[in-house]
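There are two complexes below, and they share chain A, which is joined by chain B in the first and by chain C in the second.
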Partner chain A sequence: MDSQTTVPATSGAFSAGMRLPQTVRVSGLDHFFGEGELRKQALYNNNLDVRRGEIVIMTGPSGSGKTTLLTLIGTLRTVTAGSLQVLGHELCGAERDMIVCLRRELGFIFQAHNLFESLTAFQNVNMAAELAGLDRRVAAARIEALLTRLGLGQRIHYKPQSLSGGQKQRVAIARGLVHKPKLILADEPTAALDEQSGREVVTLFQELAREEGCTIIMVTHDNRILDVADRIVNMVDGHIKSDVAVRETSVICEFLKGFPLFADLTPNTLAEVADQMMVHEAEAGQELIRQGDPGDLFYLIRDGSVDVLVADGATSKKVAELGQGQYFGEAALITDEPRNATIRAREKSVFYALGKEDFRRVLETSATFEEELRQALFRRQ
Partner chain B sequence: MNTPLAWKNLSHNRVRTCIGVAGVGFAVILIFMQLGFQRAIRKTATQIYDAWEFDLLMRSPAYLHLTEPRAFPRSRVMQAASVPEVAAARPFYLGLSQWQAPIHGDLRAPPTQPTNPEDPAGEWRSIITMGADPHDPGFVRQDICQLARQLSDPSFVLVDSKSKPEYGPVNKRVFSAQDIGVETALGPQRVRIVGLFELGTGMASNGACLTSPAGYVRACPWQTIDEVNFGLIKLHDPAAAEQVRARLLDILGIPPPGDQPAALRTNTDVEILTREEVNAVEEYRWVVETPLGQIFTLGVWVALLVGVAIVYQVLSTDIANMMGEYATLKAMGYGNKYLTQVVLQQSVLLALVGYVPSWGIALGLYHVIETASGMPMAMSAEMMLIVLLLAIGMCVLSGTAALRKLYQADPADLF
Partner chain C sequence: MTLSRNTPLAWKNLTHDRRRLAVAIAGIGFAVLLMFTQVGFQNALFDSQVKMIDDLQGEIFVVSRAKYTLAAEKRFPRARLHQVRSCSGVAGAYPLYSELTTSVLRKIKAGLGNRGYPLRSLGYHLGDPIFRDPRVAQQSQRLRAPGTALVDVKSKLKKFDFARQPPHELAHQALELAGKKISLVGNFELGTDFAHDGNLIMSDESFARYFPHRNRFADPLAVVDVGVVHVQPGFSVQQVQQRLVQTLEQDVHVYTRQEFRRAEVQFWDKSTPIGTIFLAGKLIGFVVGMVICYQVIYADIADHMPEFATLKAMGYSTGYFIRLIVVEALLLSLIGFLPGTVVSRVLYALLAEKTGLQMLMNLDSLTFVLLATMAMCIASGLLAVRKLLSADPASLF
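Let's turn to the complex of A and B:
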């Protein structure tokens, strides 16, 4: 039979393209604050994989543990339970020296900018460049370019006390980026910035991710910059509630929209459907559905192709060939009848499957589409 | 690293740095003063001995301290003088007598009571009275030797100009040329001030006077001219002091020290000490045995502790104010070594900047105290170095103590 996995379709784990190494691997991570009776759990069994070059946005209400997770990944807190690997190093029980070395590979942009009041913008950024052991002239050129790019060209030699909040924030951003870190961790990097400079910062992030393969994890409430995210992680009360690859989800939604019964669904509902789909894999020649079996899953072909075979007496006849973005298995779920055809993979293929219950619920939702629209209009008042 | 962060921190926040410098400076002044007092006591302890010219000193084995020296036969000094290695052996008389501070009435105002011209009717004060041969008194300073020549009559005295005003100088402040010719009482006899000399007796007494041996026994009638308090032995070769002492002990029939405990040495009426031994005994007495010395020795420690407390407070506040910034450095990947370096540099800079003005202020205070109390407050290179090292030590210690929090905490907890 098919090899079903517990991997959600929207995780992006099976998206097409090169498999890049993981920069961050969080598995079974718990975190506690306080001691003894005051001990309070802040993170519960967090799992998260971030690949090289990804831009991850973490959202969630305040107190949900986003910043805690970010500081744990950034080695700024001690990992006590579970496993956390950053750039190939396990942080749980790690040596202090290793952590000090690892920190130099990271760029941290803090919510509190924590600039040295006694140093100019240039010198503050230079503190990070010096640590990286950059040549003085190379570093100077890069710092000036970076600060100019962030709109501080006129204020390179100003001290923090004569900079505005947003300008200080941008100095802190330059400090986090100057040494070309492999992983950038940013806590509300655009909170103090106006739209234009916020946009400039995220564009810079995108360039770093694309050109330098830099991985970026960002905690933000700023929905103006959501478009840069490759992945959006939502946290509630210390749990990772959802971890969604944006591009993959939009691909799935596009595919789903092609299915006439789902054509009326809102993007929001489509995304929810996508969230409920699981990844299936099949080798060449493997049968996913056998004619006559009871139907239990609805399939979407993510990658590869299948043959549709209908048995007519003793001989089976190939009636169709389906490829990427097409779907099968819906008839048996709608009519509650046995499968009317056999589906066999032509090559190694990947499918996203939706369970019968979920499929039915979506159809009901679809029926209430008009109702949903009324509600939306009503709420506008 | 290239950025002089410690210097930038100090020069950026001038107010905070000034408070730090003031804190360190206060501690340094405190230590300088206590150390100065302690050194002054050590110095005054031997001040009179330092003024005498001797390589070996004879005195009674019953000697208690300078103003309680006890006496021994003058013949012992004469015996010592007969040894060829001895260049000079001079008897020296010293004891505590009573000085009647002369009252100098306001000449413009008529006296309220009829005064007896025979009786100066002043307060009686203890005074160190020294008796020495007017022609060869045995002082190191030649000016005192010259002045001693005026003591041609037993009723003539020279007064130490460093004596306190309570001894009744005419101008009520200090003995000066105005006092020459004044008559008063020393012990049971009348004396006349014929001149002044400058010596200073430190803690032992508030005043001193010098007269001839005959004048001394007039002032201290419990002693005869044949009983002296000290014998000042000057040698041709000061380096041979040990051998000459052995020879003298032999001649005087005294068993060499060490053969039996001093307490059991009942057969001696004199002991002979080198200058080092004399100084050691006096310093021990004043620095260790007297409450005064103990107070100032304790004072040095207290000053040090208070200094550490102040400097720690200043530095730890300073570091606490910058904790977020230091934590950021740590988060960026700077090791504890670098942070320690920055904080220590900052501490040492603070110590140095705090030290220099405090040294100047301490020097000024030394002068004021010396003028006011006559205590010899002196700044030596050794003291300067000790206090400098102490200041740096205090700052470094406080700095590292204040850093402990930074070492242990996760950076995320410090933002």
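Let's turn to the complex of A and C:
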């Protein structure tokens, strides 16, 4: 009846309510260092999807393979086992020329600034602008704007020698961003920066992601900037241990909190509930719930809207219309009775659904269950 | 602010480190100097080989086809010169006689003759316009007396120490040429070369007396070493030469001054080790320059490996890096060439003063050294570029 998927709600695949194109697709990726006896595996069967406009933060203990994965995505290492697609190009077995072209769509920000001492800040940034074939007036304006934005307006024509470590790092960041890359790869970009300029940099990242649809993958241990992440990937010993769309999870939690029965759950519990939800999709006119059927799922409307129809004899009457952030299907789960209404999608919609067992388990943890139940049932009359 | 299309990275990197730049300029300048010295000496030596030709009058020269160098004693019949004179456009054709192996000049000391040394004896018909040195014509009256000659003041001092004496002292010198007494009545200036340690000039009559057997007991003056031809004003040298080639038998070469000179230089360059020795000298300069240039470029690359790796990660191609290094090498060669050339000029002047050799920096030698310097820098740049291409962007994270 409805198209149930095995995609967890917190994967972020439907974060804006639709399938975004994938910028990076990692599947079954292994990586080995060394040859023969010294051959050592650094990555084990990793899978990761990053979508357009996402900001991904990779964390994990030292030696867990974050940098290795980042350099593989950045075409700086050769992919030998598994599949890795970046901006639609398969990197496993890719041609050199294609890789050189692909690199021009990427923006790298390294831990070390690697600026040419012989060039001014402007010229260093211009090395990236030239490669993109930008008109030089456009490029000059953009470089100046970018450097000014990063607090280097007074030092555009200074050589690295007369810049501080943090200023040099900001020039390097400008160089990584000036050509409006589709994908930015950064390893500890804020490590050399003070809190304020680190914040300025991540704000800039967010703007690029929002306005240019730029995807950002960043390795960082800097807890101060975790809040910008759309997704946090945690690596341990060469495996992706968890991959959570934090932005989407918090959206779900926000929605769930609007459900009176869940209102006093702790954020942790809410996040666990979000983790247990799966994505459902429905076309316009499709029925998600039919009156009289046994109840099995609790639904949250991520995107779209539905009609609530109650059958009265032979005729059915529309009693309500529900939209984004609203929920339905809880009554049958609570009372163990058949569905008391039919729900039909008004348009192409996306839902996050929670199974009956999970739903009841959550309710049991809620202290004010009885009271909430009564109020809720009262309000839905 | 003006912004060039491409950031001049090669130039910026080269000029950023002033100390390294100074070392590079000094090193490449030194290589340039080495090469210029070799070229200069070579030219000077070749110039002295053809000094004799430069000192002759006339526009066209006739020599035996068998005469592969001035010092080769191959002659042609004097009759050819009669044929030459009958050609239109020829103002005159004059024989020059020359003798080397039997022309041994020896000092006589108190009845005991010491060992003599060979030198070149030149004979000409007095009054013929053959020698450019005006002193020869001025003193030709004295040569009328049989058994007299003029001596080259630049003859080798060790062997002919009397050559520089003033004429009145020269006359008292007891000397023997080819076993017959001779008196030196004056001097002129020509100079030595690899084959000739000294020179004498005498009348054709005296010449016939000293070297009676040079034509196998026939008239010694019936065979000529060099025919000096004057072209009438208004006639093209090339056309007259053409006509002579058509008129004369195949046993002679008819050269213009340029061709005569070139043939002689060619012989010394190609048929003797001289060319090879100088080539080796030039090669040493080249290799020294290459090593220095390689060091400079390699050090520059090695110091900027992370930066170049970053450029690679940004998507700069192999072609860009090769162009970058070739440009850097060319810049190096030019900024090393200029000071090297200036210093070489000063050295040329000093050497010319000390050795008496003609050290000239002509367009040919400038072009040669410039091209060699550029080749040397580009070659070492291409050797060093492998280091750059090994820059690994994966090492940056």
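Points to keep in mind about this one:
Following the convention adopted for this analysis, the second predicted complex is superposed on the first by the 238 of 381 C-alpha atoms of A that agree within 3 Å, B and C clash if a C-alpha of one lies under 4 Å from a C-alpha of the other, contacts with A are read in each partner's own complex, and residues count from 1 in each chain.
Note that contacts are C-beta pairs under 8 Å (C-beta built on N, C-alpha and C of every residue); 3 or more make two chains touch, one makes a residue touch a chain.
Everything numeric here is computed off the predicted structure, so don't read it as measured data.
Steric overlap between chain B and chain C is present once the structures are superposed on chain A.
Of the two partner chains placed by superposition, chain B and chain C are both touched by A:R104. By the touch criterion stated above, A:R199 is placed in contact with neither chain B nor chain C.
Using the contact criterion defined above for the overlaid structures, shared-chain residue A:A140 touches chain C, although it does not reach chain B.
Once chain A of one complex is fitted onto chain A of the other, the partner contacts of A:F116 extend to both chain B and chain C. Once chain A of one complex is fitted onto chain A of the other, the partner contacts of A:K257 are absent, as it touches neither chain B nor chain C. Of the two partner chains, chain B and chain C are each touched by A:T71. Contacts of A:K180 after superposition: neither chain B nor chain C is touched. By the touch criterion defined above, A:R360 lies against neither chain B nor chain C after alignment on the C-alpha atoms of chain A. After superposition on chain A, the stretch of chain B whose C-alpha atoms clash with chain C is 351-359, while the remaining options among 117-125, 261-269 or 351-359 stay clear. Overlap of the chain B and chain C interfaces on chain A: residues 71, 74, 76-77, 100-104, 106, 108, 110-112, 114-119, 123, 126-128, 130-131, 136, 175.
Interface of chain B with chain A (complex): residues 1-3, 5, 8-9, 11-13, 324-325, 327-335, 410-413, 415. On chain C, the positions that touch chain A within their shared complex are 1, 3, 5-7, 9, 12-13, 15-16, 304, 306-307, 309-317, 393-394, 396-397. Within the complex, the chain A residues that touch chain C are 67, 70-71, 74, 76-77, 100-104, 106, 108, 110-112, 114-119, 123, 126-128, 130-131, 136, 140, 175, 187.
Considering their complex, residues 71, 74-78, 97, 100-104, 106, 108, 110-112, 114-119, 123, 126-128, 130-131, 136, 159, 175 of chain A touch chain B.
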